[in-house]
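Here chain A shows up in two complexes: once beside chain B, once beside chain C.
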Partner chain A sequence: MSQAFDIKETYLKFLEEDKDLTMPIAAIESLVIMLRVKQPSTSSELINLVKSNIDTLKTSIPNAISLSAGCDLFMRFVLRNTNLYSDWESCKKNLVENGELFVRRAKESRNKSAEYGLPFIRDDDTILVHSFSRVVYTLLKRARTEKMVRFRVIVTESRPTGLGYFMAKKLREADIPVEVIVDNAVGYVIHNVDKILVGAEGVAESGGIINHIGSYQIGCLAKVNNKPFYVVTESHKFVRLFPLAPNDLPGSINRLIKEGTEEEKDSESMLSTHKLDFTSHEYITALITDLGVLTPSAVSEELIKVWYD
Partner chain B sequence: MVEEQAQTSQAKPQAPAQVSDSQKAEKAPAAAADGASKGSDDKKLSNKEMKELKKKEKAAKRAAQKEAIGISPEQQAKNAESKIEKKKSSATNTNLKKQLDQTLIKDQGGKRIPAIFSHLETREQRNASSPSISHIVHPAILSLTLKYSTYKIVGSTPRLKNMLEVFKVVIRDYETPANTTLTRHLTGHLSHQIEYLKTGRPLSISMGNAIRWLKQEISHISIDTKEQQAKETLCEKIDDFIKEKIELSGQVIIENASKHITDGSTILTYGHSEVLEKLFKYCVIEQNKKFNLIVVDSRPLFEGKRLLTNLVNTNYNPDGEGLDSEVESIASSRSIKSQPITHENLKIHYVLINSLSSTILEDVDCVFLGAHAMLSNGRLYSRVGTGLIAMMCHARNIPVLTCCESVKFSDKVQLDSVTTNELADCDDLVQDINSKKPPQKKSFALEQFIKQCEEEKESKNKNNNKGKQQQQKKSSPEPDAQADDSTPLKDWKNISHLNILNIMYDLTPPEYIKKVVTELGALPPSAVPVILREYKNT
Partner chain C sequence: MPNTVTGEIRSIIDPVVSSLKRHQIEGDKDIALAISHLLMKVISAARWTNPYDLIDLIREVGTILSSAYPRKIITGNVVRRVLALIRDEIETEHNENANTPMMSSMFSLLSTSNNENHKELHKQSKKQMSDLRSIIIQGIRDLVDEISNVNDGIETMSVDLIHDNEILLTPTPTSDTVLQFLIKARAKRKFTVLVTESFPNYIKEAQNFAKKLAEHKIETILVPDSTVYAVMSRVGKVIIGSSAVFANGGCMSNSGVSHVVECAKEHRTPVFALAGLYKLSPLYPFTRDDLIEVGNSGKALNYDDFKLVDNVELVTNALDDYISPDYIDIYITNVGGFAPSFIYRIVLDNYKTEDNTLE
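So, the complex of A and B:
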């Protein structure tokens, strides 16, 4: 049919249309659309099609970690389903239908995560939040409006993106008292904080998280001060990655070294390009997900279950 | 059993005339029931082993009785020996020798291990444990046992692989005796072979897992299958097992782990591991990476040297595809381009474990460790010294990675390296202090034979020239002193209060390990039980 189908454009369009959509869901959704448009005629063609589209998506989008989580999950789903059905037509039909079901479920998972997180927020709490996260926002908003919990929130500024201001604005709209602090004031306020909530770009196999830069130092401070550090996230953000150090993320190390040597004068780019870091599992108290409240080590269990069933 | 007894005892008063009969009748079912209950207790024991067990029990009882009467254990031993010799006049030569060996060993006493490790089996005890089955052991097993005990084959993976290959030979040569089926008899036959194999060295965890798998496979064969066909399917299954669990999983692990070796990085490794050797070769040959490798080694096995020589002997053609020197040494000598991988791409430092200092660890990016087993509490059971390295690197914030196939996963829980370990020969530590070569070992039987000959000589000397003995004693200290100069511990067995401990493995706590790379993916050590669970289900 239409050969001019562009996976990247579809993906970006999805993100544009729905501000609440996360990257992995958008990726899965655009892949489902792609399948519907392209109508592959054999299973190998289907698999190749999905593979090539995933590759173009991964390479064309700069920040591909949570995106790749969704893509890998969908690929896994495709591979399992093609083996399941003997009849090609029903297989294809099922794939598209189930793909949509998959997307719907993934969308619901944010609310589910928030549901599990509600008991964690109590009256008179002071909660430190880093950067903007849709799940954390949903959780806090529901705690305020549904449970009528009275708590206050401290949001970090979250350089270089400055998403902390956006988070503060949205929370103020939800009638929650908010205070914005600069990123390097975390140590100053941590004594008065009761708990820390962060979202995640991706959850690594060890149970550590890949998140907005600065999460790692907050994690360290939380550990030293014995403050609980909770991660609120959806299970489709579990990725098959296992970074060893905070800067051990795909593509980020090399860039850091290169820029350090070649573009020393151009310090602007150094400041603005690094948006993610890795917080290893020992700093995380628990992960609040749509599968329930998990310890970091339970993540690998869930991942193994998904991949080796 | 109780009911039967009750019935017979009820029968007693009713028929007093038949007392003797009823007593007999009472004894018989009781004994039968007793036997049955025993049989159910340890079903795993074969008939033969049962008999042996009973024999031993009887012997122990008799010994106790005799001792009560006043016969010393030494006399008992002598009596027993003479009895045995009478009995076994018809037995094979090897059997006799074995029996003799056993008595020789006990003279030696072997209490030279620190008390905390005294529960572990020494080499002598291992060799003495199953002397009576050597005549039903397949020759291939005999040679394999020898290779194990002389460290010709070391390392969990090579040992597993070789064992499975030998099992294939055993299965091919096996013939089911009359009145039994292959499914029932072969397991027992294999058990005997394994029993003998254990006298070389204790089974590794991976071997235990593979044996369990193989026995299960044998039991799944239907009785109606023809023998030849059953044997063939078993051999095929073993081949598949080797391919799937060792070779392919090694490949997957290598691909996964190679991500952590980047251009210009410094990697540290300890000893020798099959997977890691392949990993380093793969990174150079296939991925064209240049990196530094620090090989840490230790006495007495010097496995790091093996890694070193294997790497040095690997050639590589920078322009074309990689060449393996062992296969194409002639070709490589012709073409000028191919050169050893250590020439440009791989820089190796070789150090001993006691020189592991701050300067060496300064710019290490990553540590790769081999594994003997992963225990279900996330602890790594590996060559002694691994724990030390992991601890040092953890203290310096260097990530410690271990590569481990899932056959090596064990559901055991162990908290220290004392409860279960392997004692190697103490002489390995005493000899070869110049460290030029790994311990050269004689086979155990040969050692015993030499000892026997020497003793015979001595006894002859004693009988023939008792008068000369004192002179000999006087003259003997001088050459001894000379020998002492060269190796001060040569005579260590006669020095009282000197214990020498040569332990094979240690345990690394999970805190020190960042990541376990398996064929199922990379995991934190806390996820080992998950693998065990999922792995067992499939």
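So, the complex of A and C:
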């Protein structure tokens, strides 16, 4: 059993089983399962195991940004507990025993982000939403069902994934008036929009976000039109990256973003499909997270608190 | 939540509540001082066995006070400062018993300790209670000192920021902090100050402000509000006072200030905002319309002019302006100068997030 353990499979199974689970949490969960199965007996074995499994995960999964955020956080947690408190026995025991607790906490943190975000949504608002995000959906749904706020949502179609339609469907189920627009129409509708809400795949150190493609252009339009651009996200998506430009993401990630390019080029469509882009911090009004409403510059401080102390 | 405000406490807070409602206490500093003195009285009068009962009581008092004058952010700030003080005290006492390492916020996801239900565990002896009471009251005394001497901390930076022969512009003649800041700078520097007329609400104040500056041998020019753009090219710095600073770095100031800072941005003129620490608020300015107080429209359009009044649909006279953080270069507080994007940090240092909503 312990020999046949496959971290990638476990990870994918987690994502498959629970649609509400985000990538970083699925990664943390599979690492916990890995520890449970392998039962390392020394602290260096534990660290090596975690390290090698994280590497396997990161290299085998496309689109590893938020995944790596979760892995790094877990690694840091393990290291900190083994080195600083030299009680890795109890730490390991805790980790293995409290697997479900993490998942529950992660869902709670989504709810907490939504909690902080609720006052942002007011009666009569028109809110522009890009693509599908669980946190944004939770926030909007709670605003509608708990606070009885009457607002309207415009969702972008979000090509090439088309996740916008999924978002619109879910919002309509929650009894929120939704309109789907093509991505090209953002400039046309933005005049009537009161605020923009997006989720994030990862939040970079500068406070910029890595998100589904199209977020950057919406950010630019928002800035030009003086509309607030809010990012709703959980703090475990903060990653230690510092991209400088919308296409400046680390090599392996960048390759994955262009995924599909080769085969599509062969067909008639001549379409190159990128999946993610980077919206730098100057376009972001505020980040609504489970740590509270943060300015983009607060992100680096949270990361520093975890990584340098 | 059970109603913890007893008749006794009610009788202490009622006079302040009614004078707040009637706007009898004007001036941010006076309000802050009145509230802190009131809270001191409440804490000495209140009976509690568990410090968390005291927190509940103060929160309830805070709700009553802030609903007495909803657009004054300062009442809430002072209440939250006192709450943070109490919580800090409880925390230090708690930590003496159980020495748990501080977990940073991102790690809270992975931490396995559960310290959520320590509320019930916290029972104290009578002696500890009276100790806590006197510590808290001493804390409020320090807060009162800080508020009363707020200008001293701000003034000390004035000489470093103002050069000789510089032209400054200030659109907030109501701010005592700005006045003291300029007077202090005059001791070492020679400069010119342009004061906007601040029609229609603060004309008298603007004239008095100019007079006071002139008395201190500062070359002062009173300019009409409409000329701000024209003179901006010659202005070296814009100095504004503020009535509240929000966690995102935006602030509330007199009406007309947002027009001035817009002109300053156009000319790349630096804008300095002066604010005492007690004006920093952990709140976030969600909707600007809720924040802006509207005053007597008769000041904007004289009611005696009935021919005109008959033909005009609506005249509003906003008393405040919200200034977004993009327009401000630096905040000068009594604890130092900070970029607007750093204000959240100062806010976190002085308030507890649990108390952001008082209800």
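Everything below uses one rule, namely that the second predicted complex is superposed on the first by the 270 of 309 C-alpha atoms of A that agree within 3 Å, B and C clash if a C-alpha of one lies under 4 Å from a C-alpha of the other, contacts with A are read in each partner's own complex, and residues count from 1 in each chain.
Operating definition for what follows: a residue touches a chain if its C-beta (ideal position, glycine included) is under 8 Å from a C-beta of that chain, and two chains touch if they have at least 3 such contacts.
Since this is a predicted model, take the numbers as computed values, not measurements.
Chemist: Following superposition onto chain A, is the placement of chain B relative to chain C best described as a clash or a fit?
Modeler: Here the two partners, once superposed via chain A, fit next to each other without clashing.
Chemist: Does chain B (first) or chain C (second) touch A:Phe238, or do both, or does neither?
Modeler: A:Phe238 sits against chain C, while chain B stays out of touch.
Chemist: Looking at A:Val293 after the superposition, I want to know if it touches chain B, chain C, both of them or none. Which is it: first, second, both, neither?
Modeler: Once the two structures are laid over each other on A, A:Val293 reaches chain C alone.
Chemist: Taking C-alpha centres, what angle do chain B and chain C open up at chain A, rounded to the nearest 10 degrees?
Modeler: Spelled out: centre of chain A as vertex, angle of 60 degrees.
Chemist: Once chain A of both complexes is superposed, is A:Ala106 in touch with chain B (first), chain C (second), both, or neither?
Modeler: second
Chemist: Regarding the shared-chain residue A:Asp6, is it in contact with chain B (first), chain C (second), both, or neither?
Modeler: After superposing on A, A:Asp6 lies clear of both chain B and chain C.
Chemist: Counting residues of chain A touched by each partner, does chain B or chain C come out ahead?
Modeler: C
Chemist: Check whether A:Glu115 is in contact with chain B, with chain C, with both or with neither, and answer first, second, both or neither.
Modeler: Touch partners of A:Glu115: none, neither chain B nor chain C.
Chemist: Report for A:Asp183: first if it touches chain B alone, second if chain C alone, otherwise both or neither.
Modeler: In the superposition, A:Asp183 contacts neither chain B nor chain C.
Chemist: Classify the contacts of A:Ser206 with the two partner chains as first (chain B alone), second (chain C alone), both, or neither.
Modeler: first
Chemist: Under the stated touch criterion, which partner chain does A:Lys305 make contact with: chain B (first), chain C (second), both, or neither?
Modeler: Once the two structures are laid over each other on A, A:Lys305 reaches both partners.
Chemist: Nearest CA pair across chain B and chain C in the overlay: distance in Å?
Modeler: Comparing every C-alpha of chain B with every C-alpha of chain C, the smallest gap is 7 Å.
Chemist: Following superposition on chain A, which residues of chain A contact chain B and also contact chain C?
Modeler: Residues 297, 301, 303, 305 of chain A touch both chain B and chain C.
Chemist: In the complex, go through chain A and note every residue touching chain C.
Modeler: 28, 73-74, 77, 80, 84-85, 94-95, 98, 101-102, 105-106, 109, 119-120, 122, 235-236, 238, 285-286, 291-298, 301-303, 305-306, 309
Chemist: Would you tell me which residues of chain A are touching chain B in their complex?
Modeler: 205-207, 240, 242, 244-245, 253, 281, 297, 300-301, 303-305, 307-308
Chemist: Over in the complex, which chain C residues touch chain A? Could you list them?
Modeler: These residues of chain C touch chain A: 101, 104-110, 112, 247-249, 284, 286-287, 341-342, 344-345, 353, 356.
Chemist: Can you check the complex and tell me which residues of chain B touch chain A?
Modeler: 260, 262, 366, 399, 401, 514-515, 520-524, 526-527, 530-531, 534, 538
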